[in-house]
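Given below, in the form of C-alpha cells, are the structures.
Each of the next two complexes has subunit A plus one more chain, namely subunit B in the first and subunit C in the second.
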Partner chain A sequence: MNILDIRNLSIKLLTSTTPILAVDRVSLAMKEGEVRGLVGESGSGKSLLAQAIVGVLDDKWQVDADRFHWRGIDLMRLSVDERKKVISKDVAMIFQEPMACLDPTTTIGAQLEEAVDDEQLTGYFWQRKQQRKLAAANLLHKVGIKHHEVCTKSYPHQLTEALCQRVMIAMALAKRPILLIADEPTAAMESTNQNQIFRLLASLNQLKNMSILLISHDLENVTHWTNTITVMYSGQFVEAGTTQHIFNKPYHPYTRALVDSSPKANMQIPMKSRLMTLPGSIPILQHLPIGCRLGPRCPKAQKACVQAPKVKNYHGHQVSCHYSLKGSY
Partner chain B sequence: MLIFTLRRLNLFLFTMLILSILSFSLSFLFPGEQIINISGQINATPEGIELVALEYGKHESLITQYWIYLNQLFEGNWGVSMTSQLPIYGEILNHLPATIELTMTALFIAMVTGIPIGFIAAINHRKKADDFILSFAMIGYSIPIFWLGLLTILIFSIQLGWLPSAGQISLLYEIKQVTGIQFIDILLSDSPYKWQAFQNASSHIILPSCVVALAPATIFIRLARTSMLNVLDTHYIKAAMAKGLTFQQIIYRHAIRNALVNVIRDVGLQFANLVTLAMVTEVIFSWPGIGRWLIESIYQRDYTAIQGGLLALSCFIFLVHILTDFIYATLNPLARETHRGPQ
Partner chain C sequence: MTSLLQVSNLSKSYKLNGFWFNRKSIPALEPLSFDIQAYKTLAIVGETASGKSTLAKLLVGAEKPTTGNIKLNGQMLQHGNFKQRCQHIRMIFQDSGTTLNPSLTIQQLLDEPLRLNTDLTELERNKLIQETLQKVGLLGEHMSFYPHMFSGGQKQRISLARAIILKPQVIILDEALAALDPSLRSQMINLLLDLQQQMGLAYILISHNLGIVRHFSDKMMVLCKGRVLEVGDTQQLLKNPQHKYTKKLIMNQHFKLPNN
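On to the complex of A and B.
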C-alpha cells in the first residue's frame, strides 16, 4: 500500500505580476519500507517538492494537487494546521547543510530534547526532564554517537558537518517517523562521511522499516542506496521506476543523458574529447519554455514537444515523453 | 571566555590612552595659555602660574608633560573650573551619577519597549501591524528631541499636571548623598519619608527618560525587526518547523534568542547617540546631570571643564559599550571563542 500518494502536485511562486509555476504537475508515490531517490539538477524543484510535502514553505508559495494522500488521509481536505499536525507526526526531514539547520545559540542536548514527543514520556512532570535527557542520549546512541555527554553539551559550531547531520537524523528519529525525507543529506561532505551517513540511513530503513525519500543531484550515488527513483527536470516529472530500470534502460532522453553524463572508470574515450552532456543549462524560473521544459535542450525534440506530454505507464515504469526510448532497447 | 575578557580589557586600555592624549592635546588647541587651560587657574598671579607650571612639568619635554598629566588624572587632580573655581573632579562626581541614572533608565525603557515591538512587527511582516509600527518608528525617529521635550512638558506638566517638569526630586526631600545615584541613596537613607521621596523621584524621571528613550527605541524597533526577519528566514527555523514545533515554541525557544544576539551588539553603538540626546534633554528638564553642566561650560568657555567632562563622559560610554559586549558574548556562544574547524 502506498503511504504517500501525490498526483499532479503544482507549486506556484506568487510574485507581484504573474505567478510562476515552479513545480508543474509532479506525481510521487511511496510504499512502506521503500527507499526512493528523487533526482534532478539543482533548480529542478526537488527540494521545493520535499518542503511542500512537509509543509514548511512560507506563504510566497502556493501548493495545489489533484491528490495528496498520506496513509489514506486526504490532506487537501484538511486545514493547514491539521495537515501540519498529521504530517509532522509521521514525516521527518533532514536538510542539506546540517550546521545551518541547528540553532547556533542552543546546545545540541536542548535541541534534541525538545524534539522528543510528549506522548512518549510517562510519569509526572518532574520526572519528564530526566526522561527527556535519557531519550536524547538514546537517540544519539542510535545514530552512532557513543559519547553523548560531550555531544549534548556542545554547540553546533563545535561539531563537524557529519556529526551535525547525525544529530539532525537523531532529531528526525525522535518522532519515530514512518517516512524520512533526506534533502541532499551529504552535500558538501567528504566521501567517507557520505558513506557513513548513507549506511546509517540504509540500516534505519532495514531495522525500523522506515521509508526514505532520498533527494540528490547525483544519480550514480543514489543508485547504490535506493529501490526506486523519480527523476525531475525543471519542475516537471520526467521518469519514475525501479533503480534497475532507470539506470540500465531509461525511457526518457533526459534520464539517458544523465546516465551517460556520469563518467565511468572503464570508459574508453579519446584524449581531449568532450564528455557527453546536454547542450545549454537548466532554464531560470522567469524564462520557462512552454510544453516539455526539456524541449530546447532535448536531442529528440520535435514539433509535438510544445505540448506537455502525458505520463505513460509501462508496468510501473512511468515516463513523460512523446518520443520515449522504449522502442530502442 | 578568558581570552575574550583580556581582549576587551586591552581594547579598553588603548582607547583610554588615546582619549587621554586627545584630552591633553585639547589644552593646547583651545585658545589661551595651555597651563591655564589645563589647570583652570584663571585668576592666579604670575608667581602662582609659575608654581602651577612647575607642578605640570611645563619646562620638561611633551612626553613628560603628558606623563605628569596622566598622574594628575589618576590622583584626582583634574584642575579647577575656570568659572566657579571648584575642582572639576568633584563637580563630575556630583553630576555624572544623575546622568547615569537618566541614561540607564532611558536605555532600559528603549530596549524594553523597542525590541519587543520590533519583534512583533517582524512576526506580522507585510501586514497592517508591521506597516503601522514602521511608520510610527519613522515618525518617532524624525521628531527633534528639543521640540518633543517642550511638547511633553506642555502637555503632561502644564495642561494635565500629571508629572513634574524640572529637576530630579522635589526640594522638600533631603537625601544624604552616599553613592550619587539618587534612587539608591533614597533606599539607603533612614528618612521616615523614604517612600514618598522614592515616588517623587520616580515621577521626576519619567518624562525626561521617556523623551530620551524615544529615538533609540525607534532604532531598536528597526534593528529588532530586521534581525528577527533574518532569523525567521534561516534554515534552523525551517528545520524547527519540520520538527513539528508550534510557531510560539519556535519564536520563544529559537528566534528571540538569536535575534537578540544581533540587536544587543548594536545597543552599545546606539548608547553614544543616546547620551547626546540626554545632554539636550538635561538642559530642557533642568536635570542636574553632566550633560547640562558640560553645555553650560561650553557656553562659558570653561575649557578645563570641557576637557574633564569629555573625558568622563566618553569613559562612561565606553564602559557601557564593553558591558554590552559581555552580554553579547554570554548570549552568543560563537563570540566567546576563536573559530575552529569548518565554518
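On to the complex of A and C.
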C-alpha cells in the first residue's frame, strides 16, 4: 500500500500581480519501506515539494492537489492543526547544512532531550528527567555515536559536519517516523562523510523499515542508495521509475542528458573528450516557458512541446514527454 | 620538453605561539615535488585537512612556504613578487557567488587585474574584456551587469574570465566544479577543456569527485594529512591503486573503471 500518494500537486507563489506556478502538477507515490530519490537541479522545486508534504509553507504559497493522501487520510480536507498532528507524528525531515539548523547556543544534549516525545516516557514526574536523558543517549547510539557523554555536552560548533548531520538524524528519529524526508543531507560534504550518512540511512531503512525520500541535485550520487527515482525539472514532473530503468534506459531527453553528462556513468568515453550537455541553464521563475519547460533546451523539442505533455505509464515507468526515447532502445 | 611549473621540496608548517619551550609547529604539508607541462592537468585528491588547499595557497603565493621553491619556466618565483606571479598563475574558487564583489559591475571586476598588471589603455582594456567574455560563452553586453544578475553557472564563467584575462599559464581550480549543477558542470568542463586546447593552459584541479578527475586530468596526486601517498598517471592509478587509502577513496565513490 502507498503510504504517501500525491497526484497532480501544484504550488503557486502568490504575488501582487499574477500567481507564479512554481511546481506544476507533480505526482509522487511512496510505498512502505521504499527509498525514493527525488532528483532535480537547483530551482526545480524539489525542496518546495518536500516542504509542502510536511506542511511548513507559509501563506505566500498556495498548494492544490487532485489527491494528497497520507496512509489513506486525505490531508487536503484536514484543518491546519489536525494536519500538523498527523504529519508531525509520522513524518520527519532533515535539512542540508546541519550546522545551520542546530541551535548554536544550546548543547546537543539539551536539544535532543527537547525532541523526545512526552508520550514515550512513563512513570512519575521525578523519573522523567532521567528517562529523557537516557532516551537522548539511546538515540545517539542508534545513529552510531558511541561516546554520547562527550557529544551531549558539546555545542554544535565543536562537532564536525558529519557528526552534526548524525545528530539531526537522531532528532528526526526521536518521534519514530514512518517516513524520513532527507533534503540534500550530504550537500557540501566529503565523499567519505557522505558515505557514512548514506550508509546510516540505508541501515535505518533496512532495520526499521522506514521509508526515505532522498532529495538530491546530483543523479549519480543517489543511484547506489535508492530503489526508485523521481526526476523533476523546473517544477515539472519529468520521469519516475526504478533506479535501474532511470539510469540505464531513461525515456526522457532530460534524464538522458543528466546521465550522459555525468563523467562517472560514462567510463567508456575517451578522456578529455567533450561531454554531452544541454545548452543554457534552468529558467528563472519570472520567465518560465509555456508547455514543457525543458522546451528551449531540449534537443528533441518540436511544435507539440508548447503544450505540456501528459504523463505516460509504461509498466510503472512514468514519463512526461511527447517524444519519449522509448523506441530507441 | 621542459616543464612549465616545477615544484621542488615544497612544504608548509604553521607555528603555534606558546611560551618558550612550549612552541609547537604543526606541519600542514610535508615536502613534495612535482612538475606540470603545458596542455596538461594535474589532479589533487584528498579529504578535508589533507593539505590540498594549503598547496593551492602556496602556489598562488597567498602563503609563504616554509621550505622549497617554485619555478615557472625555469624562473624562480619569489614570495611577495605578486606582479610576476599574478600574470602567470591564477585561481578559481569553489563558491563563485561570494568571490565576486557585488558592488562592482563585470567590467570593473575584470578591469582591475588589467589595470594592476598591464600598461594597456582604457580602449584596449575594454576590447580585451569583451573578447574574454565571448571566449567563456558570455556576451559583450554583459559588461555592464552586476554579479547578482547572473545565475550560478554564469558567475562561475565570470570567475573563469577573470582568471584567463591576463593570459596565464597555470590555473588552479580549487573545487571549482563541486557546487555546480550537473548539466552546468559538464558545460563548464567542456569550456575548460576547449580553453586548454586553445591557450595551452596547465590546470591544477583540486577535487574529490573521482569521475571528474578521471575525465579531466592526466596525472593525479593523492594527499593524506599533508603527505603525498601516490602520484601517477590518472588511468593507471585509478585502475591499479597501490595505497590502502586510495583504494578506500575509490571504494567510497563506488567507482569502477571498465576492464579493457
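To be clear about the criterion, the second predicted complex is superposed on the first by the 319 of 329 C-alpha atoms of A that agree within 3 Å, B and C clash if a C-alpha of one lies under 4 Å from a C-alpha of the other, contacts with A are read in each partner's own complex, and residues count from 1 in each chain.
What we mean here is this: a contact is a pair of C-beta atoms (placed from the backbone, for glycine too) under 8 Å apart; a residue touches a chain by one contact, two chains touch by 3 or more.
Everything quoted here is computed from the prediction, not taken from an experiment.
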Practice task
Considering only touches as defined above, state whether A:278 meets subunit B (first), subunit C (second), both or neither.
Solution key: second
Handout entry: subunit B versus subunit C as contact partner of A:175, first or second or both or neither
Key = first
Practice task
Pick one for A:100: touches subunit B only (first), subunit C only (second), both, or neither.
Solution key: first
Exercise for the section: Give one of first, second, both or neither to describe whether A:262 is in contact with subunit B, with subunit C, with both, or with none. Expected result: second
Practice task
Mind working out whether A:90 is in touch with subunit B, subunit C, both or neither, as first, second, both or neither?
Solution key: neither
Fill in the blank from the handout: Max touched-residue count on subunit A (subunit B vs subunit C) belongs to chain C
Exercise for the section: Check whether A:191 is in contact with subunit B, with subunit C, with both or with neither, and answer first, second, both or neither. Expected result: second
Exercise for the section: Determine, under the contact definition given at the top, whether A:219 touches first (subunit B), second (subunit C), both, or neither. Expected result: second
Handout entry: Common ground on subunit A, meaning residues reached by subunit C in one complex and by subunit B in the other
Key = none
Problem - Contact footprint of subunit A on subunit B as seen in their complex - result: 234-236, 238-245, 249, 253-254, 257-258, 261, 331-334, 339-343
Completion exercise
Given the complex, residues on subunit C that touch subunit A span 47-48, 151-154, 178-179, 181-187, 189-190, 193, 208-212, 214-216, 234-235, 248-249, 252-258
Handout entry: Footprint of subunit B on subunit A - complex, ascending
Key = 51, 54, 56, 84, 88-89, 92-93, 95, 97, 100-106, 114-115, 155, 157-158, 160-161, 168, 171, 175
Completion exercise
Seen from subunit A, its contact residues with subunit C in the complex are 41-42, 188, 190-192, 194-195, 217-220, 224, 257-258, 261-265, 267-269, 271-272, 274-279, 281-282, 284
